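Across the two complexes that follow, chain A remains constant while its partner is chain B and subsequently chain C.
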Partner chain A sequence: MRDFFERFKILVWKELIQFVRSKGLLIFAIYAFTLDIYFAATGISLTLKNAKFYVQDMDMTSVSREYAYKFQKPYFNFQGYILDDKQIEKLLIDDKAIAVLRIPDGFERDFKHGEGELGMIINGAEIVSSYLFSAYAAQITYNFIMEHFPIKGIGLIEPERRLYFNQNASSKDFMGISELLTIVTLFLLILPSSAIIREKERGNIEMLVVSPVRNYTFMLAKVVSMSIVILLCTVFSILFILKGVLGIHVKGNLLEFSFFTLIFVFAASGLSMFIAAISKNMLQVSQLSILVLVPILYLSGSWTPIEAMPKLLQYLSYLSPLKYYIDGAFGILIKGLSLKYIWKDFLGLLVLGFAVFSAGSYFLSRRV
Partner chain B sequence: MNFKKVKTIVIKEFKEMLKDKIGALVIFLVPISTMLIFGYGMRLDVDKIPFVIVDRDHSTLSRELVYKLSATKEYFKFVGEVPSEKVIDRMILKDKARFGVVIPENFERDIKSGKNRKILVLIDGTFPYRGEMAKSYVVAVVNQLNLERLEKFHKGSVPVELKTRYWFNESLKQEYLMAAGTMAVVLFMSPAIVASLLIAKERERGSIYNIYTSSITAMDYLSGKLLYTFFISCINFLIIFFLALYLFKVPFKGDLAVFVFSSFLFILVSAAFGLFLSTFLKTQVSAFVGSIILTIVPSILYSGYMTPISAMNRSGLLMAHMIPTFYYMKILKGCFFKNTGFVVLLPYISALTGFFLLFFGLNVKFFKKREK
Partner chain C sequence: MKVVSVENLKKTYNRGKVVAVDGISFSVDREEIYIFVGPDGAGKSSTLKVVAGVLCYDDGKVKLFGQDIRSDRVVEKLKDKIAFMPQGLGLNLYHTLSIEENINFFADLHDVPYDVRERRKKLLLEATGLLPFKDRDAGKLSGGMMQKLGICCSLIHTPELIILDEPTTGVDPVSRRELWKLIYRFVKEEGITALISTSYLDEAERSTTLSIMKSGKLIVTSSPEFLLEKKIDVYEAEGEDVEKAYDIAWGCFKIPRLKGKVLRFVADDISPVSNLSLSVKKVEPSVEDVFLLNTGLKRVKLEPFFKISFDIPDEAIVAKNVVKNFGNFTAVDNVSFTVKKGEIFGLLGPNGAGKTTLIKMMTGLYNPTSGECFIAGFKGEKIKQVIGYMSQKFSLYSDLTVYENMVLWGKIYNVHGAILKSRIKEALRMVDLEKYRNSVVESLPLGIKQRLALMCAVIHGPAVLFLDEPTSGVDPAERDAFWQIIRFLAREISVTVIVTTHYMDEAEYCDRILLMNRGRTIAFGTPSSLKSETLKKIGMIYEVKTENPFSDVDKLTKKGFNAVLYGRKIRIYSKGILSPSEIEKIGVKVFSFKEGDVSMEDVFVFAVGSDEF
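Then we have the complex of A and B:
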C-alpha cells in the first residue's frame, strides 16, 4: 500500500510537470481562466443598451416629437428622422437600426380624440434586442398615455420591483460566473481524456505493462493531477479575476465552493475517462468531447431555463452533472447559501458523480 | 505549387480517415448533433416562469390581477398562494419560484377611491435576463389592467395604440434564429478542430520527418491539409444546411449562390485558422484546447448569435470585430432572413477573405520544414 502511494505521488508529480512544460496548453489554460472570463463578463450583456432606431414622423407636431423624445439613452440611441418607406427597409436590411418608429399623419389630432395609433417595425432577426425593444416601447407608450390623460379619480396599480441577489440586474456577475463554470467543464472533459490518449497514441502504454505500476494507478494519477490543476485554476480565477479584477461580489464561502467543485470534478472526470476508454486517437477524443459537452451544457439550464424545456428533456436534465453544479454554484456564489441549503444538488452530484466515475474507470481499465 | 503533390496529400488524408471509422463517423456526427440540440433546445424567451402570490386583500380586484397573471399561461405558471413575503424569499432561494407578487391590504378599497397603490414584485435576479423579462411581463399585464380600467372609466378606447410588427422573422420564431445561428458556430468550430489536429498529429507521431526530408514545399503540404479539411467540411455544411432548410424549415430569402460561396469561404477561414494553431502548437491536446477555446466561446458570445451586438461595450465590440464568425453571421442573417444585396454583403465577404489570407499566409511563412 505504501508503495502504491509512493508511485501514485510520483506519477501525479510527473503529470503536473508535463502540464507546465507544455507551453501551448498552459497558455490556453491561463487565457481561458483569466482573459476569457474577463471579456465575457465585461463585453456581453443581455440587456437593451444603445439600441439604434430611426423615426419616421409624418405628423411633426409637438406631441409626436415629445413621444419620440421619450426613447432615451442609455437604452435607445436615436439616429435621425427618415422620410420615405423605402428607407425603412434599407436601414433594417443593412443593420443600421434595430427598429423604426412610425408616427402617422394627424397623430396629434387623433391622440387628442383618444384614438391615436403608432407603428413600430422591429428587426426580428435579433433575438434579445427585438424582445426587449418592444417591451420597453410598450412601457414608454403606457407612461406617455398616463402623462397626457386625466387619470384623476381612478386609482392605478403600480408594480414596484425588487430584484434579489443582483440588485442592479447587471449581467456581469452572471456572465462571469457562468463563463467560469463552462470553462471548468470544458477543461475537465478534455484534459484527463487527452492525457490518457496521448500515452496510448505514443505507445507508452506498452512500457507500463512491463513496469510495476498498474495501468489503473497510472490512469488515476492522470485524472487526479488534471483535477488538481483545474481546481487550482478555478480558485485562482474566483479570487483574482471575479473578485479582484471584475469586482463581482462573491457571497458564499469559498471553501465550501471548492469542496462542491471537487465533487463536480469527480463526476466530470468520470465522463472524461469514459471518452478516453472508447477513443483510439485525439481526433476521436476531440469529437466525442464535443458530442458530450454540447448536451451537458444545454441541459444544465444556464442558457435555456429548465422549466421551459420539453418534459422529456426536463427529466434528462437530471443526468447532466452540470445542472447540479450550476444550481449549486449559483446558490453558493450569488445567493450566498451554505452547503446545507443546497444539499439536494450536492447529493445529486455525488450520486451521479459516483456512478459516472465508477463506470468510466471500469471501462477504462478494461480497455487499456 | 505542385498540384500533383497537393493531390497526393489530400488522398493520403482521405485514406487515413477511412481507416479510422469511428473518427470519420464522429466528424460528421458532431455538427448534426450540435445542430439538433441547439436548434431544437436553445430558447432565450422566458416561458412558464413559476410564480407565487401573497394576497392580503382577497378582493375582486386582487383576484382579477392574479387571474390575469395566471391566464398568460405561455409566460407564467401559477404555483400557488403563500402566506407571507418570507415564504416567497424561501421559495426563490430554493428555486421553486422565480418571482412573487405581494398585494397589500385594502388594495381594492384604495384603488376604487382613486388612490394609487403599489404592489411589490420580488424577482430572482440570479439570471439577469430572465429576471428582466419576468419583470417586463408582469409590468405589461398590470399596465394592461390599468388601461382597461381607464377605458371603462372614460367610456372610450385606449388613447394610443402601439402596433408592433417584426420584420424578417415575422412570428419572431426563435428556432429559426437558433438553427441558422448554430450553423455559423458549427462551421467555425468543426473545420478548425479537424485541421488543428492534422499537423500536430504528425508531429507527435514523428511522421512529419517524412515531410521534412521530402521535396514537398510548405505551401504544398499546407494546401493539401487545407483542401482535405475543406472537402469534408463542405459535406458537413451541406448536411447542416439541409437540416436548417428542411428540418427546421428556416425560410431562405436571399441569394443561394452568394450564401454558398461565403460559407465555403468561411470554412476555408476556419480550416486555415486550425492549421495556423497547429503550426505553433506542438501537441494535439494543446491544438485541440486552443481551437475549441478560440472558436466556440467567441462564436457564441460575440457573433450576435444570442447576445445583442448593440449592447456590447467597446471591448466587446472590438472583440466581435476580431472574430470571423461576426462577419459570417451578418452574411448568414442577411441571406436567410433579409435578402440583403451582394453590395451590402461585400465588406463582410472581403473581411472573410482577409482573414483567410492572413491565417494562411502566416501559416506558410511560419511553417518550417525542420525542427527548431
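Then we have the complex of A and C:
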C-alpha cells in the first residue's frame, strides 16, 4: 500500500511540476482564468447601452419633442436631428446610428385626436441591439400613450418589478460566471488529454508501461493533478476576478461549489481520456477538444435557454455534462443554494460522470 | 575554383549565448568527399546548414562556386546546383507519398523536364535498389531505405554539390555500406562534390578530406592517409591480465580503452605492463585514436551502490520459440536463446530485423504471438520489478531536473526514503552528474542524458537491464564512459545486460552476440568465434591502396573480385590467397598490399548478405 501511495504521490507531483514548467500552457491558463473572463463579463452585454439614434422630426411641436426626449441615457444616445430622407440611409450604412425615429408632420394634431403615426427605421445588421432597441422603444411609446390617455375608470396598471438573485439584472454576473464554467470545461478537456499525449509523443509512456505503474494509477494521477490545477484556478478566479475585479456578488458556499466542480471533473476528464485514446498527437488533441466542446456548450443552455431549442436537442441536452454543471453552479453561485437544493443536477452529473469516466478510461487503457 | 570556401564562420544561437560554430575555416575542391566528424553538438549541422544556405550566420565569409552567399539572391540562383539532406531518418520526405511520388515532387521543385526526370529517376532507383518498391509509401520504409530515397531526391536535379547531414546515423552497417557505395558512385560518375557529416568515426576514413570538430572548432583537418601516418604509437594487448593492465593503463598510458577482451592504448613506453601475461602488439592508428587524443577520455570511478534485490537463476533470460506477428507481417520468427546471469548480451541486426520487437516482448511491452520469454524465471507482471529498461528514444522527462527524474523513477520502482536518497547521491557522484543535479534535463548534452537514463534504469537494483540503442549519436569519449559503467554493472554486481547497437566496435564489448535478420537468428556466439567463423567462410581479406581507388574498385569488381571501397583503401575478400601482381595484371597500380583483419562489420555484412540470397 505504501508503494502505491508513494508512487501515486510522485506521479501527481511530477504532473504539477511539468504543468508549471510548460510556459505556453501556463500562460494560456492564466489568461483564460483572468483576462478572458474579464473580457467576457465586461465586453458582452445583453442590455441596451448607449444606442445611438437620430430623430427626423417633421412636426417640431412640444409633443413630438417630448416624445423624443423619452429616449434617455444610458440606454439611448441622442445624436441630433436630421431633415433629409437620403441622410437616413447613409447613417445606417455607415453604422452611425442603430435607428432613426421619424415623426411625421401633424403628429401633435393627430395624437390629440387619438390617432397618429410614428416611423422607426432600425439597423438590422446588429441583431441584438436592434432587437433590444425596438423592444425598448415599444415600451417607451406605450408608456407615452398611457401617460396622455389613461384608461378611464381603471387607472394605469404599472407592474412593479422585483428581481431575485441578481438584483441589478446585470449581464456581467451571468456572462462572467458562464464564461468561467466554459473555461473550466475547456481546460478539463485539454489538460489531461494533452498530458497523456505528450508522454506518448516523447516515448515516456513505454518506460511507464515497463515499470510497475499500472495504467489506472497513471491515468488517475493525470486526472487528479489536472483537477487540482483547475480547481485552484477556479477558486482563484472566483475570489479575485469575479468578486475582486468585477465586483460580482457570488453567493453560496465556495467549498460546496468546489465539491460540485469535482464531480464535474470526473465527467469531463472521462471525455478527455477518450480524446487522448483516439488522437496521435497534440494537434489532434486540440482539434478534437474543440469538436467535443462545441456541442457540449450548445446543449448546455449557456448560449441559448434549453426551452428554446427544438425538442430533439432538448432531449440530447441531458447528455451534456455541462448542462447539469451550469444549472447547479448557477444555483450555488448566483442563487446561493446549498447542495441539497440542487440534488437533481448533482445526481445527473454523478451518473453521467461515472459512465463517461469508465468509458473513457476503458478506451484509453486499451490504447496505452 | 573551390566549390566551397569558408572563412572564419561564426554562428550563435539564443542571441549569442550559445556558440555553435566558433570561427572555422575550410575549403572543398571539386569531386571531394569532405567529411565532418564529431560528437553530438559539435556544430556540424550548423556548419552544413549555413553552407546549404538555409541558416543565417553571424560572421565570416561563405562562398559557393566562388560567389558570396551573404545575399539571398545569390543563394536562390545557386539552389539548382546544391542539394541538402537534413539530419534525421526520412525527415525531408513526405511519408504519405510513395517513393516515386516523392522523387517526382523534388524533380518538380527544380523544374526538371519530364523526359529527363524519367530517365534520371530510373537510374537512381536502380542504383539504390529501390525500383521494386517504387509504389510503397515512404513512411513504411526501413531507416536505411529512407536514407537512400532521401539521397535519390537530393540527386534528381543533378546538383553539383550535395550536402548530407548525418545520412548514416541510426542506419545499420549493411545499409551504411550501400549508402557509401552510392555516394562514391555519383562522385565518380558525375563529378559532384559531397559535404557530409557523421558521428561514426570509422566512416571518416572514407573521406578524401576530413575535419574533426568539437565544441564549434575544427580540431584537425587533413586527409585520412596523412592523419594516420602521423607518429602515434598505438598498441593492442590481449591475454589473461587484460583487466589488470587496464587499471595500470589509466595511470601510465594515454586513452586506454577496453574493447571486449582487447585493450587498446597509446603509449611511448610499454614497460609498465611488460611483466603481465599479455601479448602486446603495435597496430595502425585509427581516426578514433586521433580523435580521442585530442578530446581525452575519462575514467568513471565506480563502487557497488546497490545490490540486486532478487536471487535469480543462472539462466537469466530464456526465450523459447518466440514469434511475433503484426497482421501478416512476421517481425520475430521463431527465435530461441538463453542469456546467462551477469552476461553482456548483444542483439544486432539491420534496421527492421526485429531487435526492438524482441526487446519489447522480453520487457512485456508486447505479448508474443507464440512462444515464451522467461526473465529471471518469471513471466508477465512479476518481471516488472526485476528489469530495468532504457528505450531507443530518450524517454526521461526532459522538463524535470536530473534529481527530480531520479526521485521519480526511484519511487515508481518502490525505492523510498533514506535508501533512495543515499542511492541517488551515490549514483550522481559516481557517474559525475553532481554538477547537473538541478539542471533541467532538456538543456543537457546527449551523452549526459544517456548516462542519466542508465542511472534511472538501475536505481531500483534490477537483475536484468535492457538497453535499446543506448549510444546512438553519442560522442566516442562519452560512449566509452557509458560502457565502463555497463561493464561494471555486469562484472561487479552481476547485472545481466541486453544491449542493441549499430556501432560495430560496441558489438565487440559484448560477451555473446545474437545477429538477427528479417526476424530470424542468423548468427549466434562470442565475437571472436563469430569472427573466425566468418573468416573461414570468406577466406582472406586484403587491404590495398592504389593510385585511383574510385576507378580501380570498378575494374576489380568487373574482373570478378569481391572488392569494396573503404575510404581510399580497397578491401578485397577472396577465397584463395592473392598476390599484388594478380591485381596489377588488370591495370591497377598498387601502392601497398597487406592482409586485413576481419572486423565485426565484416561479420555483420557477410552474415546478412548471405542470408539475403
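By our rule, the second predicted complex is superposed on the first by the 361 of 368 C-alpha atoms of A that agree within 3 Å, B and C clash if a C-alpha of one lies under 4 Å from a C-alpha of the other, contacts with A are read in each partner's own complex, and residues count from 1 in each chain.
Here is the rule we use: a residue touches a chain if its C-beta (ideal position, glycine included) is under 8 Å from a C-beta of that chain, and two chains touch if they have at least 3 such contacts.
Computed from a predicted structure; not experimentally measured.
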Under the stated touch criterion, which partner chain does A:Lys70 make contact with: chain B (first), chain C (second), both, or neither? neither
Look at A:Arg202 in the shared chain and tell me whether it touches chain B only, chain C only, both, or neither; answer first, second, both or neither. both
Should A:Arg2 be classified as contacting the first partner (chain B), the second (chain C), both, or neither? second
Using the touch definition from the top, say if A:Lys251 reaches chain B (first), chain C (second), both or neither. neither
In the overlaid three-chain picture, which partner chain does A:Lys14 touch, first (chain B) or second (chain C), both, or neither? second
Chain B versus chain C as contact partner of A:Ser22, first or second or both or neither: both
Looking only at chain A, is it chain B or chain C that touches more of its residues? B
Figure out whether A:Lys243 sits in contact with chain B (first) or chain C (second), or with both, or with neither. neither
Just to be sure I read the superposition right, which of the two partners does A:Ser211 touch: chain B = first, chain C = second, or both, or neither? second
Kindly list the residues of chain A that each of chain B and chain C touches, one partner per complex. 22, 202
Chain A residues touching chain C - in the complex, by the definition given at the top: 2-3, 6-7, 9-11, 14, 17-18, 21-22, 202-204, 206-213
Which part of chain A faces chain B closely enough to touch in the complex? 22, 24-25, 28-29, 31-32, 36, 39-40, 42-52, 77, 92-95, 98, 111, 114-132, 134-139, 141-142, 144-146, 148-149, 151-167, 169-171, 173-174, 179, 182-183, 186-187, 190-191, 194-195, 198, 201-202, 278-288, 290-291, 294-295, 298, 303-305, 307-309, 313, 327, 330-331, 334-335, 337, 341
Which part of chain B faces chain A closely enough to touch in the complex? 20, 22-23, 26-27, 29-30, 33-34, 37-38, 41-50, 65, 77, 89, 92-95, 110-133, 135-136, 138-140, 142-143, 145-147, 149-150, 153-154, 156-170, 172, 174, 177, 189, 193-194, 197, 200-201, 204-205, 280-290, 292-293, 297, 301-302, 304, 306-308, 310-313, 315-317, 319, 330, 333-334, 337-341, 344
What residues of chain C sit close enough to touch chain A in their complex? 363-365, 384-385, 387, 389, 391-400, 404, 407-409, 411-414, 416, 440
